[in-house]
Amino acid sequence: MKVRRWLADRWVMGVALLVLGYLTLPIAVVAGLSFNRPSSRLSYDFNEFTLDNWARPCATADMCDAVVRSMEIGLIATVVSTVLGTLMAFALVRHGFRGRSGINGLIFLPMATPELVMGTSLLALFVAAGVPQGFWTIVIAHVMFCVSFVVVTVKARLAGMDRRLEEAAMDLYASEWQTFRRITLPLVLPGIVAAALLAFSLSFDDFIITNFNAGTTVTFPMYVWGAAQRGIPPQVNVIGTAMFGIALLLVGASSLRGRRARRAALAVIATPAGKP
Amino acid sequence: MTALAHVPTAGGSPAPPPPVRRGRGRLLPYLLLLPGAAWLLVFFALPLLQLAAASLYDPAGSLSTGYAMTWAVGNYPDALQAYWPQFLRSFLYSAIALVLALLMGYPLAYAIAQKAGRWKNLLLVAVVAPMFTSFLVRTLAWKTILSDNGALVGLLRDVHLLGPDGRLLATPVAVVLGLTYNFLPFLVLPLYASLERLDPRLLEAASDLYASPLRAFGRVTLPLSMPGLIAGTLLFFIPATGDYINAELLGTPNEYMIGNVIDSAFLVRLDYPQGAALSFLLMAAILAIVFVYLRKAGTEEVL
Amino acid sequence: MRQMAQETPAGDLRLADLTKRFGVFTAVDDLSLTVPQGAFFALLGASGCGKTTTLRMIAGLEAPTSGQVLLGDRDITGLRPYRRPVNTVFQSYALFPHLDIHENVAFGLRRRGIRQVGDQVERMLALVQLQGYGRRRPAQLSGGQQQRVALARALINHPQVLLLDEPLGALDLKLRRQMQIELKRIQTEVGITFVHVTHDQEEAMTMADTVAVMNAGRIEQLGAPADIYEYPATAFVANFLGQSNLLAGEAGGHAGDEVLVTAHGARFSVPADRARLVDGPAFLGVRPEKLHLAGGPDDVPAGHQHVGGVVTDASYVGVSTQYLVRTAWGSELSAFTANSGLGGRLAVGTPVTAHWDPRHAFLLPRAGGEDDQTTPLLDEPPVGAVS
């Protein structure tokens, strides 16, 4: 009887931990493989422990070039999409205008459309318009699919904000601009930061849309894809592990800096971090 | 798709949109919307039109000689006839993966939301953690896990769940496992968000009113988590159906989904009309499923 | 502070035919009133009667559909909120969560370009007894403390008019009483015009010099609390401000200095200066504490008027006992008897004669179909109900 009670109370947690194991296992493997000296170019199995990969992460120069390119694209796409999306979020939450449902649809549809379709349709457009594909077409594509996520993230924060705070500011002699600068912006900022982080992670990791619009430009995911056919250099796992570590550090660091920062970090986490 | 994730609004109706202003401020919202909306119109909506047009090009053309618009509606039946198995497979695999993900994701979301106590944040981070690393790199890690020489296959062979020559890699099982793995967090997070709002006292009230745990779940927990469940299901299903990376990396051409076909139509065979027709069919099929599903689930608000 | 208040030019706050419609719904209906400078003015009314909307129009946060807001001779109707010498203590305080208490209080001064704010903020925090709390965030304060910060944040600007929107609504009863005294003290000290919105009649009566009772967007009655209580203008006021027994009857014209009333077959009278009408359907009103119970008609003092009945309920509430008396025609009257130790308590079922001095009665207009009204016993408005 006691055992049954105990089981009844705990089984959900047990299942949850198993599922978490399933979710984190590949990360452990990636981290492990980053210390592996593969037996052959096409082997994915453990062979021999080594620190070489960490010592010389850029041994494959192409790969590091691709990482840098992904970062450049990610930064530009993040800045542009965060600005565009934040402006739209303000219009949606704070203003009445005609055509609201049309705009909502335009923002929602990219999130409900398979990436494959967005990728191929942009490709069709660029080809039809004779636009050569490369760095900038990737940026254009990334901004396109990030904007909706930014709108949604900032909108949630803005909608949760108490309008009376702005009224109180105006009541206390703050002009429209001062109200925005002193009250609205600081209070919405965590949402904007969360949106920007989300946009960067979406852009940095995007493969499908990029694949159709990259021309000969190689981003990090494109590099991994290409290498998967030819044999993966183990340094790829170093980059994968490092990305993971940096992200964890960011989360950890922000949670050390007081409650407010921790809440902001959680907001980032709890916003489903986009697509693969 | 995060839009879906923000749905649960605790039952209340959403605040009405602000009234249209007269006078001075009338133009402001349009100015704010203009750059973003223009971007989406030019680089999202317009391309879809171009894709629709390309799907009706004369299939006899080629990229080098150029395509002629001949309203070749026949591209659609032709494409379907050639690739219906991949089409079906896409929906079959993602449906199976969805069921698996629900079986795994619901207990996980529930445990984090209601049972984790002070470990809540840590577990949440663990759910999101996979997304901190590159999608492709993680999928490749499954190649190692499922490898013929790996511990998992060895174990399964020892307990005779697999024959002596049985494999996991390059089988439908690997592809479905990969899909489940890759999109599981998108299901869990919105589900967590709505389960977190569930007041545990409701369950106490239900059991006080003679509901067995199973009934309490069916009558209280499940209905209240519906918004998150709907959002999560869509967030899982849409990208999973359009995915071709798992089939490519963990399967063989026998496991190819429609995405693989479209990818090769555009990038290898350079058959744009066919690729466009298939893309369009995929989108239409997914949108149809989404709308029917939302209608059935009765939440227009999700949009 | 007193000094500062006197520096501001003299000016009464005047609302002239102020109307606000939301779509077809009229929230504030042709409201006109004058608040003398330096007054403690209470706007009293049930939830949803348009109090907040009225305040928001005075503050400039809502544009009136028609009508004017005047401060002294100045028409401020069209001014942006930040151009009005008016500050607000918001219903749920609206403290800026990302700023500490010091910066919250200093906010208005800084916006007007004042650099040296430290001393003023300290003095203001002292006034509201929050010395030493400057570096805390609003979330780290209790409800009562937040309320005082909201007050300090508004007062520091020395507005000509301070608007308070149910500032004590979120506090528990004890703290609310304490803050009422506090607010009153501060108002006397700074001498600023206070417009205090509340749905708590006791709060309005204890604090304000002048009370305006609002109902469905209109002012029903305006005056000193005691005047309104002793001689309400309408049945709504008679019931909303304190409790009343209202007997449905017909006024039957003058008889000397009195107005005659017939109700339920009996004849009564009220002094002419306590009658709002002379003819037609009327309510004869008596406050429960002015309704006395006697053993029989013979025990009724000379000059009192009376009706017979039976005690149906007796609630002992410490300072008084509250009786319900059922009359011959079936309606119930309530009577409060002070527990002064004189006279015993009456058991349920005892036949009694309820009597009153006609000088304490009042005569109000009644709509044709309305019957007797007795405010039910113990109808304290729920604490913390906000509108």
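Order of writing sets the chain letters: A, B and C. Residues in each chain are counted from 1.
Quick note on the criterion: a contact is a pair of C-beta atoms (placed from the backbone, for glycine too) under 8 Å apart; a residue touches a chain by one contact, two chains touch by 3 or more.
These numbers come from a predicted model, not from an experiment.
*Asks:* Quick check for the class: compute each chain's Cα centroid; which one is farthest from the centroid of subunit A?
*Replies:* C
*Asks:* Once every inter-chain C-beta contact is counted, which two chains account for the most?
*Replies:* A-B
*Asks:* Hey, how far is the Cα centre of subunit A from the one of subunit C, in Å?
*Replies:* 56
*Asks:* Roughly how far is subunit A from subunit B, centre to centre by C-alpha average, rounded to an integer in Å?
*Replies:* About 16 Å separates the centre of subunit A from that of subunit B.
*Asks:* With centres defined as the mean C-alpha position, give me the subunit B-subunit C separation in Å.
*Replies:* The computed centroid separation for subunit B versus subunit C comes out at 59 Å.
*Asks:* Where in subunit C do residues touch two or more other chains at once?
*Replies:* Correct list: empty.
*Asks:* Quick check: in the complex, which residue numbers of subunit C touch subunit A?
*Replies:* So the residues of subunit C in touch with subunit A come to 59-61, 80-82, 86-88, 90-92, 94-98, 107-108, 111-112, 153-154, 157.
*Asks:* For a test of understanding, state which residues of subunit A touch subunit B in their complex under the given definition.
*Replies:* 8, 12-13, 15-16, 19-20, 22-27, 29-30, 33, 44-46, 83-85, 87-88, 90-91, 94-98, 100, 103-118, 120-125, 127-128, 140-141, 143-144, 147-149, 151-153, 155-156, 159, 198, 201, 205, 207-208, 211-212, 220-221, 224-225, 228, 232, 236-237, 239-241, 243-244, 247-248, 251, 255, 262, 266, 269-276
*Asks:* Please name which positions on subunit B make contact with subunit A in the complex.
*Replies:* Those in contact with subunit A are residues 1-6, 15, 17-21, 25, 28-30, 32-33, 35-37, 39-41, 43-48, 50-51, 53-54, 63, 104-105, 107-108, 110-112, 115-116, 121, 123-145, 147, 149-150, 181-186, 189-190, 192-193, 213, 234-235, 238-239, 241-245, 249, 259, 262-263, 266-267, 272, 275-276, 279-280, 282-283, 286-287, 290, 303.
*Asks:* Mind listing the subunit A positions that touch subunit C in their complex?
*Replies:* On the subunit A side, the touching residues are 162, 164-165, 167-175, 178, 182-183, 186-187.
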